[in-house]
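The two complexes that follow have chain A in common; it is paired with chain B in the first and with chain C in the second.
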Partner chain A sequence: MRAVEIVVLISIILGFALLLTLGYQYLVPADDIRALAKFYLLTTYFNPNYTYTAGATESVTAIVWDYRGLDTLFETTVFYIALAGCLILARGLYKEEKEASKPGSGLSVIVRSVTKITAPMIIAVGVSIALHGHLTPGGGFQGGATMAVLPLLIIVIFSLTPLIKRGFTPSRLAIIRGLALTGIGLVSIILAVIGLVLGINAYVFQSLPKPDAPLGFPSEVEGALMGGILWFFNLFESIAVVAAFTIAFIAILLIESKR
Partner chain B sequence: MQVDISIINTYLLMVTLVAMIANFVLSLYGVFFKPHYIKKIIALSMLSDTANTITLYIGYRRWVDGVPPTIPVITNRSIEGIYDVVRRSVDPLPPALVLTAVVIGLATTLFLVYLGYILYTHYKTLDMREIKRLKG
Partner chain C sequence: MWRMIAETIIYLIMACTSIASTIAVYLTIKEKDLVKAVIYSALQSALYTIIYFLLLTPDVVLVYLPVAVGLIPGVFLILISKTERWEKE
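Let's turn to the complex of A and B:
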């Protein structure tokens, strides 16, 4: 063995020993959950003992966009920067106009018909996952990733031409993605700006009205639970994610078809 | 005869943990010692998936009243319903952290795939030993 392999092996062993030492009480799941988890579960929809609540029935989305909203904002930023890096690496390697593929290319007529039937269903499932993210398991990212299956299916089964001919070029999708990210930014600061203008106490990333900050997004609209800020974040995040994945697929396949 | 099944439960959970640690070590081996770029990316995504699974495992809990724990979603919106969810649900924080980690992992994998494409156009190979030899 070379020295580097021995060093790697020893560091793996020592690292896992450290991990198991620090986390020995969580090696086997306990009968009860931790106090922090109980706090999240108790305050996520209703507040029996606390003043503050998130107003959503799904704890994970409430944590992702409300309790730890700033964290998720930076996660979205990381995704944006990674995609920008991809497009910079691919710069100049592809042209956005693509000559039409000859008719009859793509897979057989059975596969095409099934894709045409399932396409609206995929979109419906994705939108439902995204917009019900504060009520049922799901959220903006999961819904967007589900919807992004459809462009991939169209690329594999029909070819790139239908997408490019309908205007889904990487630059236009990047504009859509930029608008969705702008929406996320605006939703997160709009209450603070209104509070500054009116002279009322308001916070960045504020979702529902608080005792010391009366501004807030609606908790319910016509009896349907909105979860305050969560619904808007899920909507914009799903648009941003579906645009991002479509850009990545189209760009790498445009490079490949040019070679 | 009453058999205490908690030792069996603990044993099975421990088997899961040891399997995940083995998976972790295997994927680290793949990242460091597999010469091909695509295999390195596959091992890296295995590594992040294993880390995510261990995170979810930490948030798991034992069965309550002989039924598995539920997802942290409130379906009955009364106070009793909320307390019932608190009594039965798994920890909601690790899934939220894993969601963030999955998105970032996906973004970095996407970037690595594009980087691999550029590597291939430059060197006409993705074998790391060859690329080291052709340096410059």
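Let's turn to the complex of A and C:
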């Protein structure tokens, strides 16, 4: 029965593959860039004469955090609310102090050593993805998700105890996440507040200086591109995402060990 | 001419990858051992990242790879260890 199923499946797939091969002859991508893509490419970095530029070579990050920054801010907030709900559901089901006094256990020495070697590499890759988010593909969420693999590895391979013992408790991580979100909020409104105080025109979520609003974050520091507000957003977002995923893992596992 | 051949090769790689990912999805659905099903699902996600990369969306690759291959199988394995490993009829 199983063999018959697989034969049927593969024949369907081959049919689709044939369609794809034939469809290729009629579906050739155009050589020229579309007008919308051209607009975004010109306004991100590639035309220095353009007045309204995002100052970043990465169009996607510029669109996500600069063109429609409020949208992304609300996405981050929704994630935060979901996590708060998770913590509220898990409330009272575990004791952090009790967990820290347990003896640590884990997998074999080989696996532990390999994890110890790869741990700094994961962090380095995650940080570079996050902080180069305005230059190369990547950004805050991507870097944060990459770095969040490390706590998961530590939980699986070294057990939960060393993580809790070193102070990575859900309540503290929630504080870190709250601080990172506060950072995002402050960065987004600080120019508007300064503008109000000084009596200069400035906008919420303003990144670079505009003709009618002279305040702005630096476009480059010491010759290195900063992308204005994008660098700060990527930094805070990556911290928030790492903390959020770690809280979720630890909360799930703590509930289990209590039961 | 050469551009045409190169594009055809890229399309062929994408077709093969999508076929392999479909098989992985099939195996994921049919598998009764949930741990193996999680591994098949991670395999399917890894194949999808290749397609995303060939479709010139490195941003999606960078968010899809850690989440779909690293974090979600991890969460699933933790949840399986809390419940049951074998799927019942």
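Observations on the model:
We adopt the following convention: the second predicted complex is superposed on the first by the 213 of 259 C-alpha atoms of A that agree within 3 Å, B and C clash if a C-alpha of one lies under 4 Å from a C-alpha of the other, contacts with A are read in each partner's own complex, and residues count from 1 in each chain.
Note that a residue touches a chain if its C-beta (ideal position, glycine included) is under 8 Å from a C-beta of that chain, and two chains touch if they have at least 3 such contacts.
Given the structure is predicted, the values throughout are model-derived calculations rather than measurements.
Measured by the number of chain A residues touched, the leading partner among chain B and chain C is B.
Shared-chain residue A:D66: touches no atom of chain B or chain C.
After overlaying the two complexes on the shared chain, residue contacts for A:A82 are found with chain B alone; chain C is out of touch.
In the superposition on chain A, A:V8 makes contact with chain B only, while chain C stays out of contact range. In the superposition on chain A, A:L253 makes contact with chain C only, while chain B stays out of contact range.
Of the two partner chains placed around the shared chain by superposition, chain B is the only one that A:A90 touches, whereas chain C remains out of contact. In the superposed pair of complexes, A:T146 makes contact with chain C only, with no contact to chain B. Across the superposed pair, chain B and chain C both touch chain A at residues 5, 16, 28, 60, 137, 139, 141, 248, 252. Partner chain B is touched in their complex by these residues of chain A: 5, 8, 12, 16, 23, 26-34, 36-38, 40-42, 44-46, 48, 57-60, 63-64, 68, 71-72, 75-76, 78-79, 82-83, 85-86, 89-90, 93, 135-137, 139, 141, 248, 252, 255.
Residue ranges on chain C touching chain A, taken from their complex, read 7-8, 11, 15, 19, 22-23, 26, 30, 58-59, 61-63, 66-67, 70-71, 74-75, 77-79, 81-82. Of all residues in chain B, only 10, 13-14, 17, 21, 24-25, 28, 32-33, 57-62, 71-75, 77, 79, 82, 85-86, 89-93, 95-96, 99-100, 103-104, 106-108, 110-111, 113-115, 117-118, 121 touch chain A in the complex they form. Considering their complex, residues 2, 5-6, 9-10, 13-14, 16-17, 20-21, 24, 28, 60-61, 129, 137-139, 141-142, 145-146, 148-149, 152, 156, 245, 248-249, 252-253, 256 of chain A touch chain C.
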